[in-house]
Structure formats: structure tokens, C-alpha cells
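Shared between the two complexes below is chain A, which has chain B as its partner in the first and chain C in the second.
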Partner chain A sequence: MSEFLQFLFSGVTVGAVYALVALGFTIIYNASDVVNFAQGEFVMLGGMITWFAHAAGLPLPLAALIAIVATAALGVAINKLAIEPARGAPVVSLIIITIGASVFLQGAAQLVFDKQIHSFPAFSGDRPLRIGGATIQPQSLWVIGGALVVFAGLWLFFTRTLLGRAVLATSNNRLAAQLVGINTNFVMTLSFALSAGIGALAGVLATPITLTAYNVGIGFALKGFAGAMLGGMGNPKGALAGGFLIGLIEALTAGYLSSTYKEAAAFVVILLVLFFMPQGLFGRKSTERV
Partner chain B sequence: MIKKTLTTTVPAALVALALASAASAEIRIGASVSATGPAAFLGDPEAKTLEMLVEDLNAKGGINGEEVALVLYDDGGDANKARTFATRLIEDDEVQAIIGGSTTGTSMAILSVAEDAEIPFISLAGAIDIIDPVKPYTFKTPHTDRMACQKIFEDMQKRGIAKIGMISGTDGFGASMQAQCKEVAGDYGIEIAADETYDPKDADMTAQLTKIKNAEGVQAVLNPGFGQGPSIVTRNYKQLAIDLPLYQSHGVASDGFIELAGKDAAEGVRLPGTALLVAELLPEGDAQKPVVTAYKAAFEERTKTPVGTFGGYAHDAFLILTDAITRAGSTEPEAIRDAIEATKGLAGTTGVYAFTPEDHLGLDLSAFRMLEIKGGEWTLVE
Partner chain C sequence: MTLLSVEGLGITFGGLKAVNDVSFKVEPGEIVSVIGPNGAGKTTLFNMISGIYQPGAGRVVLKGEDVTGMRPDLLARRGMSRTFQNLQIFQAMTVLENAISGFHLREKGPVLADLLNLPASRRRSREAREGALALLARVGLDRAADREAGNLSYGSLKRLEIARALAMNPAVLLLDEPAAGCNAVETEEIDHLIAEVAASGTAILLVEHDMKMVMRISNHIVVLDHGEKIAEGAPAEVSRNPAVIAAYLGTEEGADADG
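What follows is the complex of A and B.
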């Protein structure tokens, strides 16, 4: 029993990180149908900037805040300098631009910071919590809490606020949205700022567990993307469920089968789900009108 | 009109003159390392070390009164680039010897070019395939994974450990060492009761460690791996309160590991490391003490970053090469090669080198020191 509980805790710890990254994908996707492959770099920047500022002597909360704000500003800059000038280009071209942005950010981080692995102290200490014979790090609870708060915030934003609906309208039909008075440029800028901020928050919360370095972004982006696809791209509920599900499948496979197959098991499940439910577990049905 | 021709031809002639003297009067050493890219953690300190050593050597008057010129390329960890640079070093830069190949892949690429051109080549990569079977012109400075496994198992044997669990990274380093350790475990009467793996990007290894913990009769755990993985394993090990000796590999032998894993979690962890890591702890009279303290002081003064094992590999390659050229009194590739093969008792940062025509690795198990972390500091076991 305690063994099962430990596998569960391991899965939830990892899953919460995946879910937080997956949630970052939803906003830009909802605003523009673009899968932002630089999302992992936002996570990396959140961790690296916090470490850098903390090492320079700033208190951790302030360092984290600076990291989130700076990363959000960088997100806006990417939108202004790379995405907006290419407006009108097909979605695939925009996705390729985000891959370019990801390579650029990774290279820049390598020069601005360094090539070493870093970490900063966990928020509530390192003493593991014992529950039913299994243990979990207090920092895991921070990540889980962070994922739930971001999820709730996004869900309210998209369903209850005018701005959130404006974002959805922009993705649905940019021209029509403009006609009813939505400033679509502002919506895009906002969505990049929010996505980058959420990514940086994920980096801040996860770094005491996962550690950070200039090249961790791609790994985060891949797992987060897988989580978002499994749950249904663009749906916060899906991102949350997808992220946790992948973490749990990995941990349970490692625990009961073999750690060699844990990644494979997760991807087999993703393939199966997408085969039978191409929109993911919670994805909206695509209706093509002719 | 005349004035105009003067201004254009004179500088050109000067440049030509400078080039000619550069090509003839010096000892030319070529290097191709991975200063950027995925293997930058290896190549970056290697490049800095080589640049530093060449400057120092020339400030002291070079080798036998001749200046040494270093032609340094960055192959970014790409084997194709490494091959191109090796060709360029030999054909265009006309170097007399090559140091480099931060990774096994780039080393293998340079090796084939250097062997064809019969130019001495000293590799900085770990794999035993580089010098086994022995090739006439290829040498290497790092110890092998297999030696690390042997050193660890030797220590386990002394502590009466006969049954262990292994948790290995699936990256190149972890996978290679996992295979080597499984091959030699039997020689030390050690049985591997649990064999788990993790992806180098994983954030939590408690599932694998719980399995090892519950495997019957496990007396110690060994973690071959590199990068952040071993730090996370060490933290999870503490989290699960596993009360067995934990062994890490030489891949994480640096102060950064203690910092990342945390002082408490790293307490009691043992690993095979080089003398460089414990320079201050070496007893007076240790053959390696002068060379490791000198390199450590010079590198840290110049780069303001802590010295590491990998920069040490480049240090040793340069030391072996300059020692051989000094003794050979010639820059003929064959003479340099023969001089390297005659190297005896040369103390480097990695170990004391003694090459023969049959042994192009030049190190034995004594190159590794068994280290234990106590109170956040490295200590020597024994």
C-alpha cells in the first residue's frame, strides 16, 4: 500500500510540473491556433532568472517576481518582433517562428547566464512529509497548488471575463473579431505576456525539484505539449488532466513494470487516446462549416 | 601614383612575411573541442585550459626555446565538423599534433583522419574503444568507465557488500557505464539485484528507488549518471530515508554536485574522483600534489570558475604532448609519437601516466581516489 502511495506521489509530483507547462500552451493556442514551441524556454527563463537574481543577493520572492515579469516582457517582445511582422502567414509558418525563438532564447541564455546546472532553496524547506508510509516533498505541494491556481484562473478568464472571450473570438475569426471592435493586436500581445508569465511561474515553482540549466526548455516543452495534446489543446481542464495523467502513467509504469518502458507507456496511451479521440480528452469538437 | 602602390603593396608584403614566419618558426599544436553545443560542459573548460597553458608556456620561453602556437577550433560536439577541422588542422594549419575530441563521437572522427595522416592525436573522451585496439598514433587522457566501476566495486568488496541495486541515466554516459559495471561486477563477487533507469530530464526518481529499496537483500545502491539526474536521485534517496550506502560515478565529481543535491542529502555519498577535486587534502609527497594545486590555482584565478575534471583532461593532454616534444627534441610526428610511448611517471591531474607501445591509456586504478562527502566537503577514504 505504501509502495502504491509512493508511486502515486512520484507521479503527481512530475505530473504537476507537466500540467503547469501544458497550461502555458493554452492561451497562445486559444488566441491564434499557434502551438508555441518556445513555451519550454519560458519555463527555463523563469528558473534561470530567479536563480541569477537570488544568487545576486535578492530575496527569493522578489527574484521570482522579477523572473516572471521579465519573462512576460520577453514574451511580448517575441510577439512584437517575430510573430506580428509575420501576420497573415499560415499557422505552420508561425509555429516554425516559435521554434526559431526557442533556439534563440536557449542560445542567449547560454551566453547571458552560464552552462552550469542550478537550483535555489525550496520554499518550505526540504523535510519530506510522511503520509501513510510514503513521502512527498513540500515543494511538490507548491507545484500542485500552482497548477490548480493557474487552472482556476484560466478557466475563469476564458468563461467569465469579456477579455477572455475576446481571446477566443480572435482565434475563431480574426476579421470578425476586429469588426465587432476587438483589438486583436492587443489580444495577441496579452496572450504572449500571459503564456510567458505562466511558463516562468512553472519554472519558479519546479526548479527546486527539477533543477534548471540553459537547455532544460525542450524537455519541458515536449512533456507539456504531450500533456496538452492528451487533454485537448486549448482547454485548461484538458491541460491539467493531461499533465497529471502522463506523470502518473510514467510513475506507475516505472514502479510496477520497468523504468525502461515508462516513456513508451505514456506515449502509447497518448497515441491510443488520439486515435479514438483526435481532439483529446476534453478538446472542443472541430466543426468545419462549408 | 607611386604613393598609392606603396600603401597597398607594403602592408600586403608585411602580412605575407608574418604568415611565413608563423608557419615555419613555431611548434604548432592543433585542437578541436566542443566549446559550445550540447557537450559545452566538457569543451568549454578544455578550451580555456589549453589557451591558458599555451600562454603560460610561451611566457616561460616555449619548448626548447621555440614558441608554441595553438590552433583551436570549436566543433560544437558535431562529429562531421570535428572531421573537417581535423583535416583542416593537418592540411592547412600544418600542425604537428592534435588534442581534442571532447566526446567519444568527435574523437572517433578525428582519430581516423589523424591515423591516415600519421599525426599524433591525444583524445579527451572516455570510451575505451578509442585506444582498444591500440592504434599507432592515438592516445587518450581520461580514465575509462570500466575503471570507475572497478574502483567502486573494489570499495564495496572492502565493506563486505555483495548485492547491490543500480539506477542509471539513459544518456550516453549513464548507459555506457551501466553496461561496463554489469560486465565487471562478477569479478568482484557482486550481484546486481535491481537494475533501474531514468531519463536524464526526469524530475523525480522515487518510483525507481522505492523498487530498489524493496528488492530483497540489496546492501548498496550505485548511480551511474551525469548532469542533474544524480542530484535528484540523491535527494530522493534522502526523501525515502533509504539507509544503505549510495555510490555515485565520477561523472558528478565536482563541488556543484554537493550544492545541487544539498549538504544533508549528499552526506555519506561515495564516488571515485580524481586528485584534482581534493587538491588540498592530498598528503605532502603525493606525486600529483604539485601539479594539481598549480593547475587549480591558475585556472580559478584566470576563469573565476571552479576547476573540474574535464579541464584537467586537456591539461594532461597538453602536458604529455609538450613533455614528449621536449624529450624528442624534434617536431617530426613519428618522433613525438615514440616519445609519448616512452612517457614514464608523468604526474598529471588525472593520474600518473606511463605509456608503452601496447598501452595508450597510461593509467591504472590508482588514478581514481575513493571520495566520501562529509559535512558538505570531500574527504579521502582510506
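What follows is the complex of A and C.
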């Protein structure tokens, strides 16, 4: 039982990171139909920039803030420089552009920073908390709490604010949104800033546990993507649930089968979802009127 | 001052002059119709005026300001609103939400006030909701308010699109075949609605195939054929114009030209 609880804790922790990545996928997908595979690089940048600024002598909270703001700015730059000029290109081309952006960010991080593995101190110490015979790191609670707070914030933003509803309107029908006076370019900028900022936050929160290096992004992107697919692409609730589920499946696979198969778990899930449940757990069946 | 002035507008698609040197004016409260055979360039002209296409030549002047090729959201802020022949509706939203979206520019307030659900923010959403319900009643859709827009009939969606456009309280409203796909009763309702809107001071620019409707409600008619303006004037003048009759019925040497 305590063994199961231990797997559960580690699954929920890593699942919270995937949920944040999946939420990032969801926001950009909703605003533009683009699956942004550079999403994982935002997580990497969050961790790497924080480490770099902290190592340069800045206090950790300030370093983290700089990392989040700088990554959000990079997200906006990717939209302006790479996505927007290709407006009107097929969605597949746009997705390939995001893969290019991902490769570019990875290379740039390697040059600007280095190729070593880095970390920085956990926010509330390293003393594990004992719960029911299992242990959990205080930093895990930060990660889980972070995912829940971000989700609640997004929920308020999208349901209560006119700006949030403008984003939803843009995702539903871009031209109609323009017709009622919504600046859809601004909606895109905002979506990329939000996604990148949330990705960076995930990196900041997770790095004390998972460590960071220039090449960790792609793994986060694939797991987060699997989470978003499992929950139903475009649905924030689904992204949250899907991310946590992928983390759990991974931890249980590692615990009860073998940690060799851990990485495969997410991909098996993607395949199963695509074969049997393409709309995901919370996704609606797409109905297109012609 | 002229409300909307179209000056020498033209566009070329792959060497073909889809619209060439078209000019006309729209005054406040006027109903101006653009007619012409299929393929005459009416919708292309609309798409240039409303910023969907960048014109290759000419200017669009709204209330004295050059708005040529301006984005639809910026035109909306300046008082131009339009509907589409093939509909641009938020399919996944309810009918009421669609109508409320038309109040977007008027409902705008600080994001923080929205997040905190402040009284000012609640008042703005209440006003938008009430305004939207009133407009839905005006187009006869109030009983469908809570239905998902994607499930409505084509004729109902046409009226919903008009309601949303009216929510913006536009100075000029472009209607692309508002009566297409509507039955005789619905056509007459739209007919009344357009007259009412024009009477309240909003100028209407109309593309419509229903000739009876055009002749009945227009103050001014612009006739296009093969992308060129071939006639312009009051309904009675235009319907007697030999060039117009030839364009619609074909002349002897051009009888088999595209219809």
C-alpha cells in the first residue's frame, strides 16, 4: 500500500508538470489550431534561465520571475517572427514551423548556456514529508499547487473576462471574431505569451526535482502533448486531467513493470487515444457545418 | 459628408480583372444595392470594401478617412459591419452568445474588473445581454436564444448574423445576400428589417439576387457586369437601362456568354 502511495505521489508530481505543458498546448491550439511543439522548450528555458540568473547571484524568486517574463517574450517573438508571417499556410506547415522553432531554441540554449545538467535549491527545503508510509518532497507540493493555481486562473480568465471570451471567440471562428471588432492578432500574441509563461513556470517549479539541461524540452513536449490528446485537444479541463493521468500511468508503469518502459507509456497512450478515442476524454465530437 | 465612398476600386486575380474601376457613394440612411449577373464581381467588391481582400487599385473612404484594405476588426471600430453569403457564425456558441459577441466593443472594460466580478463589469455584461435579447426579438430568434447556433436552419442563421451586425450599431452595414435561402415570409421579414434599420440612419449596402426585393427597397442601384460598373441610378431608371437588360438577358452576339 505504501508502495502504491509512493508511485502515486511521484506520478502526481510529474503529472502536474505535464498538465502545465498540456495547458500551454491547449491555449495556442485554441487560438490558432496550431499544435506548438516548441512548448517543451519553454519548460527548458524556464529552468535554464532561472538557474543562470540564480548562479549569477540574483535571488531565486527574482531569477524565476525573469525566466518567466523572458520566456513569455520569446513566445511572442516566435509568433511574430515565425507563425504570423506564415498566416494562411496549412496547419501542418505551421506545426512544422514550431518544430523548427523548438530545434532553434534548443541549439540557442546550448550556445548561450552550456551542455551541463543544472538545478537550483528547492523552494521549501529538501526534508521529505511522510504521509501514510510514503514520502513526498515539499517541492512536489509546489508543482502540484502551481498546476492547480494556473488552471483556476485560466478558468476565471476564460469564463469571466471579455478578453478571455475574445480568445474563445477567435478559436471558434477567426473571421467572425474580427467582424465583431476583436483584434485577433493581439489574441494570438496574448496566447503565445500565456503559453510560454506557463511553460516557463512549469520549468521553474519542476527543476529542483527533475533537473534541467538544454535538451529536456522535447520530452516534456511529447508527454504534455500526450496529456492534451488524452484529455481532448483544446479542452483545458482535459489538459489538466490528461497531464495528471500521463504522469500516473508513467509512474505506475515504472513502479510495477519496469522503469525501462516508463518512456514508452506516454506513446502507447497516444496510439490508443488515436485508435479508439480520437476526441479524447473531454473532447467533443467535431461537427463541421458545410 | 459622404458616409462611404468607393473610388475606382479594382482587383486582379491571375491576370483576370475581377473588378475594375468601380466607384459609387453611400449616404447615411440610404439603401444602395449592388446587382449583376453571377460572376459579375459583387462579392469580390464587398470583400475589398470590408478588408477581406486588399484592393489592387482605388480607395475606400469611410467618414472622410481612407480605410482601404483595413482589417475587419479596425473597420468594425470605425462603424462598418457586414454579413456573409456563406455565414460567419460562432457555431459552437449559443444563439444568445453570438448576439452578445456583437456588443464586444461596447462591453469593453478593464480585465481586472472582470476578474473580480466588480459591479461595473456585471452591469456591462447585463447590458450586453439585454441588448442582445432585444435584437434577437427583432429578428424573430428570441425563442431560440439558448440553442446552439450550429443547429439552426440557414435562414435563421442569416437573421442571427444580421442581429450580431446590428449589435455593433454600425454607420454602414454590408449585407451579402441576406435573403438567400429564405422562404417568402422570411424574405419579407428581412425586407422590413432592412427598411427599419435604414430609417434609423444606418446606411445599407446590399448584394441581393431577389430582384423584386432590390427594386422595392433600394434608393440607389449599382449594376456590375464582368467586374465593371455598367449602370447606376434609381431603381426605375436602372430597370429601363438597355445595357442592364442586355447584361441580364444577353444580347444577340453575347447570348451564350457566361450568365
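The criterion applied here is as follows: the second predicted complex is superposed on the first by the 270 of 290 C-alpha atoms of A that agree within 3 Å, B and C clash if a C-alpha of one lies under 4 Å from a C-alpha of the other, contacts with A are read in each partner's own complex, and residues count from 1 in each chain.
Just so it is clear, contacts are C-beta pairs under 8 Å (C-beta built on N, C-alpha and C of every residue); 3 or more make two chains touch, one makes a residue touch a chain.
Because the structure is predicted, anything quoted here is derived from the model rather than measured.
Taken together through their common chain A, the two structures put chain B and chain C side by side without a clash. Residue contacts after overlaying the shared chain place A:7 against chain B, while chain C stays out of touching range.
By the touch criterion defined above, A:178 reaches chain C but does not reach chain B.
When the two complexes are overlaid on their common chain A, residue A:139 makes contact with neither chain B nor chain C. Of the two partner chains placed by the overlay, neither chain B nor chain C lies in contact with A:189.
Taking the C-alpha centre of chain A as the vertex, the lines to the centres of chain B and chain C open to an angle of 140 degrees, rounded to the nearest 10. When both complexes are overlaid on chain A, the residue A:235 reaches neither chain B nor chain C. Legend: residue contacts after superposition of the two complexes on their common chain; A:36 is shown touching neither chain B nor chain C. Superposition on chain A leaves chain B and chain C with their closest Cα atoms 35 Å from each other.
The interface of chain A with chain B does not overlap its interface with chain C at any residue.
Listing the residues of chain C that touch chain A in their complex gives 52, 71-73, 76-77, 81-82, 88-93, 101-102, 104-105, 107-109, 111, 114-115, 117, 124, 150, 164-165, 167-168. On the side of chain A, the complex with chain C involves touching residues 156-157, 160-166, 169, 172-173, 175-184, 287, 289. Contact residues on chain B toward chain A in their complex (touch as defined above): 36, 38, 40-41, 44, 196-199, 201-208, 210-211, 214, 227-228, 231-232, 235, 238-241, 256, 259-260, 262, 264-265. Interface residues of chain A, counted against chain B in their complex, comprise 3, 6-7, 9-11, 13-14, 17, 110, 115-119, 126, 128, 135, 137, 206, 209-211, 213, 215-216, 219, 223, 251-252, 254-255, 258-260, 263.
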